[in-house]
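Presented below is the structure to which this report refers.
Order as written gives the chain letters A, B, C and D; numbering starts at 1 within each chain.
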Amino acid sequence: MKRALFILLRNPLSVLGLTLVGLVVLAAVFADYVAPFPDHKGAVVDFLNFNKAPEWPYLFGTDLVGRDIFSRILFAYRISLTLGVVVLALAVPVGVTVGLIAGYIGGRTEFVLMRITDVFLSIPPLVLAMSMMGLLEPSLTNGMMAVTVMWWPWYARLVYNLTRSEREEGYVLAAEVIGASRLHVMFREILPNCVPSILTKMTIDFGFVILIASSLSFLGLGVQPPTPDLGSMVAEGAKYLPDSWWLTVFPGLAILVVVFGFNLIGDALREILGVDQ
Amino acid sequence: MNMPSRLLAASLLASAALVGVASAETTLRLDETPIGELDPAKATDYADSILMFNVYDTLVIPKQGEAGYQPFLAESWTQDGNSFTFKLRPDVKFQSGNALTADDVVFSFDRMMAIKSGFSFLFDNVEKAEAVDASTVKFTTKFPYAPFVAALVRLPIVDKKLVMEHLGDGEGEMKDWGQGWLNLHTAGSGAYSVVSHDPQAETVMAKNPGYFLGVPAVAPDKVRLRYGLEAATVRTLISRGEHDISSQWLPPEVLKSLSKDGFKLLTESGTAQLYIKLNTAKPPFDDQECRLAIVNAFDYSTGIKMVAVTDTVSQGAPSTGAIPVGGMGADPDAPAFKQDLEAAKAHLAKCKYKPEDMNVELSWIGEVPLEERFALLLQANLNQIGVKSEIKKVPWTLFTEQVTKPENTPNVSQVFVDTMDGDTDTLLYSMYHSSAGGTWMSPEYLKDAEVDSLLDKGRASASEAERSEIYKALDKRLIALAPTIYAQNQRAVFAASDKVSVPALEDPAKAFRVAAFGFTFRLMEMHP
Amino acid sequence: MSPVVRLLIKRIATSFIVLVGVSMLIFTIARVIPGDPARIALGPNASTEAVEALRDKLHLNDAFVVQYGYFIADLARGDLGQSLYSNRPVTADIAAYLPATLELVFFAGTTMILIGVPLGMLAARYRDRPLDHAIRLFTMLGVSAPDFVWAVILMLVFAYFLPVFPIAGRISDSFAVPHVTGFLTIDSLISGDLAAFGNALWHLALPAFALSFAGIGQSARLTRANMVETYRKPFIEMALAFGFPQGRIARRFAFKPSMIPSLTVIGLDLASMLGNAFLVEQIFAWPGLSRYGVAVILRKDLNAIVGTVLIISAMFLIVNIVVDLLVALINPRIRLSQRSS
Amino acid sequence: MTAPTLAIDDLRLGFRGWAGTAEVLHGISLHIAKGERVALVGESGSGKSVTARLVLGLVQELRGARYSGRMAFEGRDLGTLSRREREALRGDRISMIFQDPTSSLNPVYTIGTLFHEVLRRGNPGIGAAEARERAVAALDDVAIADPGRVLDSYAFQLSGGMNQRVLIAMALANSPSLLLADEPGTALDVTVQAQTLALMQQLVARHGASMLFISHNLGVVREFADRVYVIYKGRIVEQGPTEGLFEAPLHPYTRALMAAVPRITGEGIPEIDEEQTGFYDPLVAHPGYSEAELRP
């Protein structure tokens, strides 16, 4: 623990990452109190102040119906973070279970499970999510589902590879010799040894889930207005370039900031937990 | 000007161009939303219409600067009860060199009806078309049907001989009716021929030297119609001088920036209106009082300011009723709608539903981002009278699906409707006749005997004056029933460079009352 | 049979199985969703009979398995059906738009490798020194924003504020390049039109760079990690102990072995660009398959969706096979192995 | 009298880490005279391998490494050499042989390519043909029957013994004056190991090179070294002539080392109980074998 802290705090980049993510999480959680215009998260119109360049009190300017972009970004963070949590909470258990079973039991089960995983992996992730979203009704829930569907195979593949190497380790053999059940070996013996890798991947993925989800909503396939969403803000604002640049640039940078933060932390974790890429 | 002298003038102009300086070829560059549908039997959108009006010709065309239709491929026509007889011009040749005959007209009609797509619904009440002789065509309608002549603006005449040479796979004598081929090729007689066509990217057109009216030298030699350019792209291309006319789909802010940079604005009005439709088949808008409440609550003037481009030009104009201002039956003296919160509250008080129990779904079509602003505005207005509402973005395909059942149809939907052929019947019948419920045009599900009878009378009468009176009465009835918020007349605004003048879109006296007809390239002038 | 050929055959066979799986997956998704494709195809004004007739024609009234049977039978004849959006055969649409996308992805991929890999090598060689930190920061920024954000920023800076690059399209209007392959850079070279070639490259620059940004980050980080890993290997210690020059170690003796694990992942990156091209094409008005894909997805054009996804997946698998072959070529262990790997 | 091939005085090394500095070497002194074969014996982790790497200048480049003391090669103070000069010694004047020959040979280059690179150290402009010729000769020297085939092979295609010979050939190819052998052949079969060591022995003698032989295998040391230094936890605890030291070990640690049984795993690493009394006793030099006596 002391060593972890040392590594984390020694590197200014990890400190930066912690700070960025911390600020974003706080701002999202307390958006109602932090945002200068908390009611601008929803359907509000202010035609006296629409399409304004950044100026006080509109830090990042206003959108086409006069809503404060800064406030909307804070609320959009809330959606992004929720999405990240939900997607990982669904995708990781599924992927880990599939990977464990395929890697440990082997044989025909392994073949079938890993071929299914391959099918999912051989459609470019964005295309898979997009085609699902296009066919379903675009909404936050469906967006989460689509991203989950494209995400679990990566965990299946990771845990499968880990399990295959752990399977030959002494402690697994020992557990098998004393007659532990398969379930016990998989979840009690092998899984704990995969945790560092899974944890690191999750941290980095948190940022990427946000990134992919914003790509979907950029294409009009994710969170629906008037709920603020970073991707759709960029897409909507892109029509007004270069005159109303603030409509796109700030939400775009907002994505960058949060994903960057998670990546920095993920990098540090990788070092602390000694996980290879 | 009568035909022969006009022809003469045209040929004089043409020869003047020949002896004149061999000036550089002029190219007109404009854009539209994808895709560009080249097959005239499938065309529906604005881009398709531009292609249709330039590559193909029709029996009649809208009159310039006034309502009504003038002969075009047809020299004249007569109506006798259910039958319409057209006499064709003898001097028209297709771009292939084939002569245009009555057979081609019949083929074009049959093809349209067989494919059952595009504008074919305008001809649902037509029984048949027959060639009386090589230059005479007779159409028979199922009942006296006045809007038929207007509908002919949407029946481009296709070169039968050429199409028959290119039939693809299919069943029956006509196989695929040449659909496969006409997707990428043309068989028209129009002033422009297609040089290349990519439905998603670009259509390039060039003057047809054999056009029966001749094409003036000042008209663009070449036209590049591009599809799917982003607003920001168009904005920059125009300001760099690499684009000439924008589409009307630019957001007002972008048009504003271009106008500020000194580019001119072209407008097309009187063809379309924004209808905010209330579902009369489910609560709360099955109660007329509730409908009147929301009609009075809507802030019409902010709605127009919201889409204003400059102080004088806006994408919206005040509405006076169900018929766009200037259309047949629109009352020129009718007052424009205004927000009246007192009246709204009074109507709301009489409504059988309590405001606190309502949660009105305000939908907007995802493909039309401008509608989001109207939804937000309406939501703010409903708040003013204490009605809660919820905004929903609906993609177009989902919307057309939803409206097929009244219970799935949102309380409030927004649709821009265009007269298509300029006739009031085309506009109103499919919106308000009780038999028409369940399409994107009729999410009101209006069922009213008086409206039905007026609509039926209107299409049966052969007299322009009588029709006008009938529609005036209908308009009054539709205002009283309030199935719709007649939010604003839509004005299409295009930004354009000084390199081109488009009289039909710049001078109201030269405007056509059919959407996209202003984009008849042969009537444009290039200033290189 | 040489091990490489055996590997190739094995990979093609598994890819084929995967492709069949993809077709089932996407076909299932496409058929179970709500919304009547026939109704959508004919447009809002079509009559019920017309819709019913089209449903019959498209076999939409048959059982699901039967529909899939028809689909596979058509597919075997190279027929992906008609696009309801463009009214053209899906294969024709794909043939028209795929070259533009592949050209973009090819140049983005080349940019990614030419910039990302050397950056990673530099970072590994100067690991834990300021240069390494600077590269780490830069590459991490690269992977931390979606391609469309980079596209917008690049466009804003290099097309609007400093108008040095074009903002849309593949080539300027004034050039007419005869259609041979659909790749403008190749076609212009075939026709010997160097100006057109330059112009096409000039149009490619911004979108390709925006598309490669994340890939540059990925490949640099990966190259660095694998190089660092390789630097720990005994054979590098041997090279150092024998005094092989540092530069030659970095460029040769550490580089080649570390590229073996990197290549596979870089191949995946390259392949995922096929998907990310959707985002970039959207911003730069690039007339490629991705824009077509977005358009058909938004319109629920089933045949076109299935076709597009299948083709992109096939491209994805082909890229992976090519990468596997490359790995086999630079890894003598696979090339010379007597067992199939 | 000429300077010894290698002289090390009071060499200290530590690594700065998250928990302060970890000392690895506590001031060791040793030397190797010209043509002499000296063994450095100790357990793994005693600091013997790191000493060899310090001589080569490899440790100095690691982050957090702190060292002091003097190292001189043929009278030149290694500490005052520039990085470039130090690198120029490697593979040419000083070379090294490793524990696991197979993994010490780059898996993606043929032996021929690697050999060419090695020969370039002695003769930067050497061409491919000449390099091959010399490599064939060098492989001949280490009794490889089919040098052509070996040069075209990759390390993983050859046996461990074969690779060890290749490595020996490479190490001696440029006629170095000092050969550092870090547990050579430990990864090999015992009989193969004995053969290759014997071979190395002959070749080193023929080239007139000095050798620092790092090992934990007492049997091997007894056979191949003239003199022995015993190292324990970063300190030299005993030094003397091979025969004398084996017959009469003076230091408690050396005695424990000799009494210990080799592990059953067959790798020959003796199992020694942790820190018995006397292990930290000061350095014992056999008479006439202290640094002061041996070095002028």
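The rule is simple: a residue touches a chain if its C-beta (ideal position, glycine included) is under 8 Å from a C-beta of that chain, and two chains touch if they have at least 3 such contacts.
Everything numeric here is computed off the predicted structure, so don't read it as measured data.
Listed by label, the chains touching chain B and chain C alike are A. The chain with its Cα centroid farthest from the Cα centroid of chain C is D.
When every chain is reduced to the mean of its C-alpha atoms, the one closest to the centre of the whole protein set is C. No other pair of chains shares as many C-beta contacts as A-C.
Separation between the centroids of chain A and chain B, computed from CA atoms only, is 45 Å. Taking each chain's centre as the average of its CA atoms, chain A and chain D sit 51 Å apart.
Averaging C-alpha coordinates per chain places the centre of chain B 90 Å away from that of chain D.
Shown for chain A are the residues in touch with two or more other chains, namely 137, 220, 238, 241-242.
Residue positions of chain C touching 2 or more other chains, listed in rising order: 34, 160, 282-283, 298, 300. Those residues of chain A lying in contact with chain B across their complex are 43-45, 47, 51, 64-65, 137-138, 220, 224-226, 236, 238-244.
Put simply, chain C touches chain B in their complex at residues 34-36, 39-40, 42-47, 50, 85-88, 93, 96-97, 159-160, 163, 167-168, 173, 282-283, 285, 287, 291-292, 295, 298-300.
Partner chain C is touched in their complex by these residues of chain D: 53, 56, 58, 63, 87-92, 95-96, 98, 100, 103-109, 117-118, 121, 154, 156-157, 167, 170-171, 180.
On the side of chain B, the complex with chain C involves touching residues 27, 29, 34-35, 37, 39, 42, 44, 116-121, 124, 179, 183-184, 198-202, 224, 228-230, 232-233, 236-237, 240, 242, 367, 395, 397-398, 400-401, 439-441. Per the touch definition, chain B reaches chain A in the complex via residues 230-232, 235-236, 251, 253-254, 257, 302, 305-306, 366, 369, 372-373, 375-377, 379-380, 391-393, 395, 398.
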